[in-house]
Structures are given as C-alpha cells and as structure tokens.
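A, B and C label the chains in the order they appear, each numbered from 1.
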Amino acid sequence: MSATLQPYLLISTLLLCLGLYGVLTRRNLIAVLISLELILNSASLNFVAFGRFHMADPSAGQVFAIFIIALAAAEVCVALSLILLLFRQRRSVDPASMDQLKG
Amino acid sequence: MSVPPIEFPILSTILLCPVIALLAVLLTPGRYTTAIKLVSLVASAATLVLSIWLCLAFNAKDPSFQYIERLDWVRSYGIQYANAVDGLNVAMILLTAIVIFCGILVSWGVTYRTKDFFANMLFLVAGVFGVFMTTNLFFFFLFYEVAVIPMYLLIVIWGSTNKQYAAMKLTLYLLLGSALMFAGFLYIYSLPDARTFDLLAIKQQVTFSPMVQNILYISLFVGFGVLAACFPFHVWSPDGHVAAPTAASMLHAGVLMKLGAFGILRIGVYLFPDGARFWAPTIAVLALCNIVYGAMVATQQRDLKYIIGYSSVSHMGIVLLGIATMTVSGFNGALFQMFSHGIMTALFFACVGFIYDGCHTRMLDELGGLSKTAPRISAFFIIAGLCGLGLPGMGSFVAELLVTVAAIGTYPVIGITSLLALLVTAYYVLSAVQKVFYGPENHHHKDFKDINGFQFIPRAVLVGCLIFFGVFPQIFLDWVNASTRALLGA
Amino acid sequence: MDLTLLWTIQLAPLAVFALIFILPKNARGIAPLLGLTGSAAAAVSALCFLLAHAGKAGQPALHYSVDWLTIDLPAAWPLGKAVSGTLKAGFLLDPLNLLMITLVTVISFFVQLFSFYYMREDESRPRYFAYLSFFSFAMTGLVLASNLLQTFMFWELVGLASYLLIGFWYTKPSAAQAARKAFVLNRLGDLGFYLGIVILFVGLGTLDFTGLGKDAVLSALGPTLAMAAGLLVLTGVMGKSAQFPLHIWLPDAMEGPTPVSALIHSATMVAAGVFLLVRAYGVFSASEVTLEVILLLGCVTGLIGALLATRQRDIKKILAYSTVSQLGLMAAGVGAHAPQAAMFHLTTHAFFKSCLFLTSGAFIHRFHSNDIWTIARGGGRKDLVPMLTLTVGLLSLCGLPPLSGFFSKDLILEAAKHHGLAAFAACVAVSVLTAYYSFRLLFIVLFARPTAGHGHGHHAHGHDAGGHHEDLLGGLSRALPLLLLAALSIYAGFLGSPMTHSPILVWLGGHEAHFDPAMAVKTLVIIAVGCAIAFALHRDPDASEKKLESSKGPWAMLVDRRFFIDDAFVWVTKQVGLRIASFFDLMDRWLVNGVLVNGTSYRIADLGRLAVRLQSGSLQGYLACGLAVLAVTLLWLTGGSSR
C-alpha cells in the first residue's frame, strides 16, 4: 500500500466536481442537497488525508471531519425543513422555478 | 431716497420670515386651515414689507455689496452663511416677495392637504430667498436644492395633467443643472488659491486662466441655463408650468426660472468675465432660438397653460439675449425682464388657474366668450397678455427695449431677427384671447363665477407693479445700474 | 399754466377711463356723462391753447421733458460708436401738434356726444365710454409727445384702443377677428418703426423731434442709413395709416361701433401716420428715395382705396375705403414735398370724414342696416339732418368749391403736378373715382323709391334695436355733432384758402397758397366727370343694385376679392408662418422632447434593463457565477504567488 496523498486528493477532487455539478444542474432541491453532501464529504476527506500525511497529530484532521459530519447533519435538518416548506407553498422543489427575486 | 439705512440684519429677517412661518405651520394641527393660511399670509406680507423697505433703504449709488451678514458654518471648508445685497438681487428679492404674497392669496382656496401645501410653499420660498441673497457658493447650492425639492412635491401632490411625468422631468432637469453647477463650484474650491466657497474671496484671490474661464463659464451656463429654460434645455419648463398647481406655477415661472439667469450673472459673469465674453455670441444664438422658436411653438399650442409656458421660454430668451450682449443696457434689460416677466407670468397663471378651477378645462377650443361670463378675470388675463406682447406702459416693453437696443447694437442680425417675436407674440396672445375670451358665450361655462373682491387683490397688485415699473422704469434702473456697470467693469 | 393745460388734455381722459372702472356697478350709468366731461375738459384746454397761440408763427415751441430711461452701449451697430443717451418723456408743442391736438380733442368731444345717442341702448355703455376715453388719452399722448419713442409708445396704445373698440362687440366672431387683424397688421408695421427708432437713436443719440432735422439725420447717419431709417419708420406709418399693402385692416375695422369708426378709423388715429410723416419730416426728407417711396405708396393706396370703394354696398365700407384712399392722397402730398398741404388735407378730411361717419351712424341706428339700398329704401332722404350733412360731407370729399375738401385736395394735386406727371395722373384718377363713388352714394340714397315696411333688414349691429324713441336729449346729441362737424368741414377750408391768405399753411411753416384758376377748373371738370358717370350708372338705384349683384367679370371679381391682397396675407400666414410654426412644434415634440430628452431617459432605462438581466433569480445561476468568480480569483491569486 503506497502511502501517498495523491489518490486521496484525486478522489476528493472527483467528489467535489461531482457535487458541484449536481448543485449547479439538478432540478430537484433534494438532489441539490445530496450533491452538497458530496462536497462536504470531499472536504472531510481532504481534512483526514492532509491530517494523516502532513500533520504530526492526525487527530486534528479527524476532528474536523467529525465536525463537518455534525455540521452536515444540522444543515440537512434546516435545509430539508426549508425545502419542505417551499414544497408546501409551491408544490415544486425545482430550484429553477424559484426566481421571484429577479429584477 | 431719503430712507435711512437699516440697522438690523434685514436679509436674514426676510429669510427667516418664511422659515418661522414654516415651523409655525408644521406645529399647527392640519384641521386649523384658516390659521395655517393666515400664518403664511402674514409671513409673506412681512417679507413684502421688508423687501420694499430694503429696496428703499438700499444705496443704489454704491455698486458693492451692502448689508453684508456673515456667520461661519464650517470654517475649515470656507463655508459661511453669508448674505449681501447689491443691484443684482435687490429687485429679485422684491420680486420673490411680491410673487409669494400673491401666490399665497391665490391659493386661499386650496382644500386638499392644506397644511402640507402651505408648508411646501414656505419651504420653497425660503430656498428662493436664500439663493438670491447668499454670497457663498455652498449655500447657493444648498438653497437651490431647498427650492427644487418642494417644487416636486407641489407638482406631484397638487398638480394636474400628466403631473408625475412633468414633476419627474422637472426635478431631474433641475438636479442635472445643479450637478453641473456644483461640479463647477467644487472645482473652484479645489483650486489652490481658493479653498473657500466665499464668492467675494474667490473673486479677489483667484485668477482664472482664459481656458479655465471658458470651460467653467460654459459648464455653469449650462447648469443655470437649464433652470432659465435655455434652448435646447427648455422642455421641462412648459410641462412643469402646466402640471403645477396655480401658486406653484406662479412661483415656478415667476421666480424659479429667474434663479438660473440670476446665477449666470451673479456667479458666471462675476467670476469669469472673459469666459462670458468668449461664449457670448453662442449664447446670443441660443437666446434667439429661445425667443423666436418659443414664440413660434406657442402659436401651435391648444392648452392655455402651454401657451404661457412657451411664452415664458420666449421671454426668458430675452433675458439670455440681454446677458449675451455683455453691455450695461443689455444687463439692465435682462434684469428688468426678469422682474417684469416674473410679475407678468405670475399674473398669467393666477388667471389661468382661476379659469381652470371654474371651467375645468384649459383647452382653447372648449372655452369661449369668457369676457361675457367673467369680465374681471378676462381683463386681468388680457392685461397680462398685453404686457407679454410688449405693450408700452408695461414693464416688458422697457425691458425688451433695453435688450433689443443692446442686441441690435451688438449682434445686428440676431437683434433684428429677434424682433420677429414681437409679431409672433402679438399673434398668439391675441389668438388665445380671441378664442378664450371673445366670441359667443359658451354655455358649458355659464355658471363660472368671476373673481370676487378678495381674489381681486393679488391680481391687482401684480397689474399695479407691471404698470408702475412700465411708466417709471428709471426707478428700477437706478437700483441695478451701478451694479451692472461694476459687473462689466465699465 | 401751459403745462397745467397740457396735463389736463393728457390726463383728463385717462382719469375718466380709470374712474369708470372703479365706479360701483350701480353708479356706472353716469359713464357717458363722465366721458363727455373728460373730453370736454380736454377740448376746452386745447381750444384755450389754440386761441392763445394761433397765428403766432415763429413763436418758440413749448418744450418740457424729463428723463425717462438711460441707455448705454459700447460700439453699437450700425455706426460702431458708443451710445450713451437718455430717453426723455415730455411734451413738445408747436403749431403742428397744436393743430392736431385741437382736431383730436374737438372731434373726440363730438363723437362722445354722438355716442350718447348712438350707444344709449347698449348695456356695456360704460365700457364703451371708458375705452373711448382711453383712446383720447393715448391719442393726445401721441400728438403731444416730444420724441419719437414716446410717439411710438402712444402709437401702440392707440393701437390697443383701436383693438379694444373694434372688438367692442366681441361676442361677434367677426368683430373679434377684425380686432386681432388690425392689431397684428399694425404690429407688422411697427416692427420696422421700432427698428428705425433704434437706428436713429444709435445714430443720433437722441430721439427728440427738435433734434431730428433733415441735416442732423443726414450728418449722423449718412445717406444710406438715413434712407433705411426713413423707410423703416415708414413701415409703421403704413400700418397705422393703412397704406398699401397694410391697408387691409381698416375696412374690417368697421366692425366697431360707428362713432368709433368716425373718431379712430377715419379722423384721428389712422391720420396719425400722416401726422408722423409731417412731424418727423426731417427723417423722411433726409433721403429723396424715401420721399419717392412715400409718394408711390400714397398713389397706389389712393387708387386701390378709391377703386375698392366703387363697388361696396355697405355705407361704412364705402367710407372706410374712401378713408384709405384719402390717406393715400395725404401720403402722396408728403411724398411730393408738401407736408403742409398733407396736414391741411388731414385737417379738412378729419372734419368731413368724421361728419360722414357720424351721419352713417345716424342712418344705421335708425334703419338698422349698413346697406345703402336698404337705407335708401327705408327713406333715408327724408331724414333731413343726416341727409344735409351727408351731402355736405360728400361734396366736401370730392372737393367741390368752396367746401373744405376743395382747398386741401387742390394743394395736394398741385404739389403732385409740380412733382411729376405720373403722380399727378394718379391723383387725378383718385379724384375722379372719389367723385364717382361719392355721387354714387348720394344718388342711390336720393333716388331710391321708399318701400313700405322698411328697416327689417339684417341687424348688422350688435346693439339692441329698440326702435327710435327720440326725446329732446337724444335728438340733440344726434343732430348737434353732425351739424357742427358739417359746419366745420365747410369752414375749415378757408383756413387754407388763398382768399384768406391761408393762415394755417403759413402757421405750419409753409407758403401761402396762390389761387390758380386753371387748377380750379380742372377740379370742377374732375368732379363733373365723376358725377356724370355716377349719374349715368346710378340714377335708377334698383337697376344699379341688380347690376352690382349680377356683374361677374374679372374686374368685378378682382375688386370683390379686394385685389387678392387679403388672400395673399392669409396665404403667407397660413402657408408660411404657421407651417414654420408647426414645423417647430413638431421639432419640439419629436426632436427636442422626444429624441433628446425622453430619448436620453429611455436609453438610461435601457441600460438598467441590461443590468436587470444579470439578476435572473436562478439560484444555480448565481451559484455558478459565484463559483466562476471564485475560481478565477483563486487562479489569479495562486498564479500570482507561484510566479
């Protein structure tokens, strides 16, 4: 098992790109939320990987990963409830239809 | 005149009259309309009395500033509350006082939001007085803005006929003008020699190179010219005249437009005499456009107020032409025309407003035979019209004579062409009179009531002024002559 | 003392004017009395003056003036020299305007007296007398003025009075129209007058009549400018004195009440132009060309007026065109270097023409029609007093000796003859035509057979036709002015006749007229010819009426359309003036307001609309933008640091 940072960063970048792509293109807010999770996970992966390879004490990176998981849970809670409210109001969760703030 | 000099700060007193009245009006509950009107009337009457006193006590032989009042406001920036009077503004102060006095009387019948109306009027007048009196560029700008904003409200709330559009146009135009003017002021301030907004100090300390003079003069001229309805920046004025309520039209055409011409003389010509000389021929051409073009367009109007609006454009052209001649007589004529046109056009609007209130229309084709129905108001309108077409014995005749003689002497072609306006003006004024007042009685307006004794006063005052200064013009010239002479360095 | 009298002449009518408007409504009934008092005061003052000063030729003129307005100009066009002058206001009294002022005030008094009768049923009588008094004020001001500018000012004011009185019955659209036409055409003439005054002022530095002598004008302005100034001032005269081609307002001015026509539009105001020609003779005589132009204009005007008078059926129109024609003769007299003769003719003309107009007023008021055939059939010839004055007036008009017109017209004819054949021929032609239309009028009224049930023709006038219930006062105020004016029009001639050594001419600074039998014979022949033609054509008024109605030839059309001069003016106004105006109006709407002003605001709004597109409202779009910006920023930052 070669122990280099490279593959982790590669996978994390892949995850980030997938997540960004999902956030920018999905027509369903739930899917956007899932994509957001992907981005957060890529960040977690980076933290853990960098902690593992560049830090004397890898636990710092892991603490951040756990922090991110907690944050993601909280974020999903808020976001889902907002989406739910939006759905109740508008019968749609398509982000493209939410353009009332345009000029 | 044997009137002794005045011992107290007369200018600030004149300025404070409307301000105090404004505070009093604001503190009075809106339901006491009579009290509000009375307060406004007393204040305007006080300004009128004080300005007449000022005119009498003013030393006409002395071309320099008199009754100077100074109070530092922001010393580090050279911003001073500074008032003074000389030949240029003494008559303008009187004009403002006369017009506001008559304007308040004419608006006695305002019932919609009376308190706000009179408050706005007083605010406006305070601004106008301030512009005429101040000798500090910063305060000039400040007071100018104070005069513009209430005008917007007056038109939008109490106006008629496309008022939103007109009010917005007027405000944008005037702010555009003031922006240009303020840019000029700031540039002057930024000069190393200046570092002050004080007009006299600038005149003494700073020498402007010819190039700078030319640029600054024309930018100030455009800024002020907008307000004086100089062609091609004139279109806001007919629209504004038409949309504004009666008293606001009176102030607007009677006084506000004069601010522009006054600014050109007080600041433009005073600080940049060479720039003024350089641009004078161009301005003369523009003024000619004003005079002839405005009169021509007036012949095509169907709305009585638009006719007067364009006649104002034409008559303000005479003011500009007088300024463009750069001669003593031209300046005297311009000031005279500012005064007499102010009075005349106030009279015009006082009459048209009354007719509109009674007949609910101002269209020439829908009116007719009003001389039969309402002989008195018709007589007043016709007198104003006769003054407009330059009948001897009225102020405008003398003003036009002075300007025309100066213009023909300086720019023969332009001067002679401008005479055409005398003919065209006669044509459109008399056509309007014929359509509105002559001819068979129009039965739609049978129950139109003529002015009663009380409404008689403001119009009679205006007519009295027109005839008095038309018959004794030298009184007016004596006021202004020394200052215009000094202004030209002659 | 003299000054007090002058102020009385000048201000009494003005006071009356103001008083009538100040009077409470229920006291306005005394307006006629007030008017009469005012004019009587003026007339008496003027007569006092005349008695005190008449005949004393060479006596220094009274000259009183105060500063009115100062004017300063550096290097003014057209001479390029600095002007610093004071315009004055004041009185200048010399024989010329002493004569004129007497004329004006006396006729004014008679007309006020006659109006007492004529306007008695009109409900706006107070206004009428107020206007009439205002006219007297303005006219006396014009006559007494000491300088050209003051003349101009009162010149415009009499124009205003004329405007107000022509449009007196303003509910009639035709009257309102005629009033405006008169004012605007006068204005057209006055433009030139105004410019002329400016040039004279710039050149001479003064406008005082005493300083406007021929030599002064010539030396100050040089020949070309002197000519220009003369011609420019002449345009004012053309407007006021109804000279071709600005004469067209005068016939229309007959819309006013008839006494007004007598006072303003025949005797005094329209003669003011001729008066000015004489008053400022120095300005005109400074250039021979100007005088030639005056002569030419006078002849053309005389001919046109006389020709147009031959085919009218409205008695006032006949007299109006006759006035035009006589004014032309007067101008021709001035042009032919005989200003005194012109002034003399002005005087006699004022008397007999106002007499004629008042006579026509008497007829019109009684028969409720302006039409000569209606008047004739209504029994005009049985109305003795007016018939008598009509005859005297008409005979005087055609110049039958020894009536006043004979002496004055003779002098003009003589001057014209002296000047050249063409001018003389024109004047003779005018005289023949004058005799013709005078006798035509006379014969029609005399020979027409009265029909029963007269007087129900169209009511050509706005006033209430209340029938004629003549009490003593009404009858007196009707007959007295007529008879006195007729007497004056007989008497006035002797003032200039050779038998009495023509005191008036000498007094005015001219030569004594000499009696020329050949000329008198010529005059008689002229009258005889005119009379004969008139008799041949009009001894049967019924037939001549039919002929007038049925004639359709080109000549008839030309005269009926007034030589198309009115049409030309209308064409120029409508097709040129108003076209330009409507072009400017369109320009103002579309170019200045539309493109420049609204255009600017729309362009700014367009810019805003562009900016609006950025704000699409799409979450994911914003996010993409944000990320892109972030990416670019990061790249830039890292790129910068790596280098």
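One rule holds for everything that comes next: contacts are C-beta pairs under 8 Å (C-beta built on N, C-alpha and C of every residue); 3 or more make two chains touch, one makes a residue touch a chain.
Just so it is clear, the model here is predicted, and its values are computed rather than measured.
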Fill in the blank from the handout: Relative to chain B, the most remote chain by C-alpha centroid is chain A
Completion exercise
Taking mean C-alpha coords per chain and comparing to the overall C-alpha mean, nearest is chain B
Fill in the blank from the handout: Whole-Å distance, C-alpha centre of chain B to that of chain C, is 36
Completion exercise
Between the Cα centroids of chain A and chain C the separation in whole angstrom comes to 98
Practice task
Could you grab the centroid distance between chain A and chain B? Build each centroid from C-alpha atoms only and quote it in angstrom.
Solution key: 69
Practice task
Can you tell me which residues of chain A touch two or more of the remaining chains?
Solution key: none
Problem - Residue ranges of chain C in contact with chain A within the complex - result: 611-612, 615-620, 623-624, 627
Completion exercise
Seen from chain C, its contact residues with chain B in the complex are 67-78, 83, 149, 152-154, 156-157, 160, 163, 167, 170-171, 173, 175-177, 179-180, 183-184, 187-188, 190-191, 194-195, 198, 201-202, 577-578, 580-582, 584-585, 588, 592-593, 596-597, 601
Completion exercise
In the complex, the residues of chain B that touch chain C are 169, 172, 232, 234-236, 293, 296-297, 299-301, 327-329, 369, 371-372, 386, 389, 391-393, 397-398, 401-402, 404-406, 408-412, 415-416, 419-420, 422-424, 426-427, 430-431, 433-434, 437-441, 473-474, 477, 481, 490
Completion exercise
In the complex, the residues of chain A that touch chain C are 20, 23-25, 32, 95-96, 98-103
